[in-house]
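Before any comments, here is the structure.
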């Protein structure tokens, strides 16, 4: 087993930033996808898949580094937790893109586009916050803002849910839209879980 | 980091009891909500949200105390696990209340009311069991009874699921009811997960 | 608390093999169930429940042994993780069998039968791989192949999902089929999670 010491510190934080940057890239593609006409979405979904795959590779590197590290800059379980939740955010974003293409919906409701805008903001804030893990600095604003965005996203989600049942849509379209907005809501919940993990790590390490 | 020693023991158990008491209060509100006429449900949903928020605060206190404690009365991971699962029970109860209001259903099927009665019983048993964690006493009856209730709840859930598809309801109503009974079933599963966690802690500590 | 030493090693690996063998037996019953005419499915569902119950017993033995063991052949959290994910695979297979009987569908789409064939292959590979945990030998082929099968299963799942919405089925049948194929997909995801856990344990222990 190769051991890495102080050097490992910086490496883990670089990998967290890399994961967060994959998230930004992936959710930007999801934003393009929900705004695109139906026939242009499949190409964007494929690019989103590629980013999701890169994110998997980064997560894999974090696990390998963790297993090969004798000392770690944060508790081992916190490093796995952070890597895992970053991955969950990406997976739900990727799944949402998939479903939108699969269900071949025409123009999407404004609420779905609004959900993705919130996810974009969460991804950007996460990418900005990751470097703060090194010195546990400036993280408070991040988790407070993510929690605010998640509450707002939750309202959008509930309004959408009520809306699709009252819009006089055919049942199959309701099932499709419900599936998509629920998947986007799960992505948002994972961003909140990530912020909560960062918060508890910050409290512990401070 | 402020350290707390023996004092922390009693504090953790008090917080677990507090969480369980929030659960009792929350699920009593859910029981009132499912029995109430449609137009009176929103107010009860709001009170349920408030209790859910108080439960979040308690869970937060447990995490903060855990991060600030040098010695703990139970293994750290068991304390987080217990706090997390107590929170999950509350979240699903809260979500069920939300959906019932959101979907604006008229009178609810007897099966849903029956599911909530089982959840009430689980919450009461949990609140009665929490003090037993101090001395690991009298917990066996608790987890055996919760498992019995979960099996019974499972049968109610399956019967309901078959029923709503055979009742000749319109598809949108089926989707709404399926969503509600599944959320209540998830709450029940979390009570079982909680009982299983208590059991494994009890076995370990005895 | 009874302590077990070196002896415990072999016992844990035997229990993992036992869990995997329950999985093989359970998913073979699921395969029979999906191929059987409607009226013969309930009996197979009952046998599947029995196997699922035996798997619960085995998982319980692993937890008890873990709590009673002073030294363990693998990290404690890895042992719980492996036991938990093996159990998840079984639970989703059991749930799928339940839903198929509950929803009283006539002949099932070929895609569902194909999903179960992939699950059978995963269960067999898992049972063959478990003994390799003792010496961490020959596990690489296992996790590579499971990941390949999961990717293939994912394609089957997506094709099915698109199909059921385009087949001109009534909405209630779409809801039922969607529920079943999603549950089978979750079982497949759990086999991948299991393979990933085995991989990270193997890397750590090597």
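Just so it is clear, A, B and C label the chains in written order, and each chain counts residues from 1 on its own.
Simple rule for what comes next: a residue touches a chain if its C-beta (ideal position, glycine included) is under 8 Å from a C-beta of that chain, and two chains touch if they have at least 3 such contacts.
A quick note: this is a predicted structure, and the numbers were derived from the prediction, not measured.
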Ask   = Which of line, ring, star, complete or other matches the graph of chains that touch?
value = complete
Ask   = Is the contact between copies subunit B and subunit C built from the same residues on both sides or from different ones, judged by whether over half of the numbers are shared?
value = different
Message = Taking the mean of the CA coordinates per chain, how far is subunit B from subunit C in Å?
response = 27
Ask   = What positions in subunit B touch 2 or more of the other chains?
value = 171, 175
Query = Which of the residues in subunit B come into contact with subunit A in the complex?
reply = 1, 63-64, 67, 98, 102-104, 171-172, 175-176
Ask   = Okay, in this complex, where on subunit C does subunit A touch?
value = 158, 161-162, 165, 171, 174-175, 178, 200, 203-204, 206
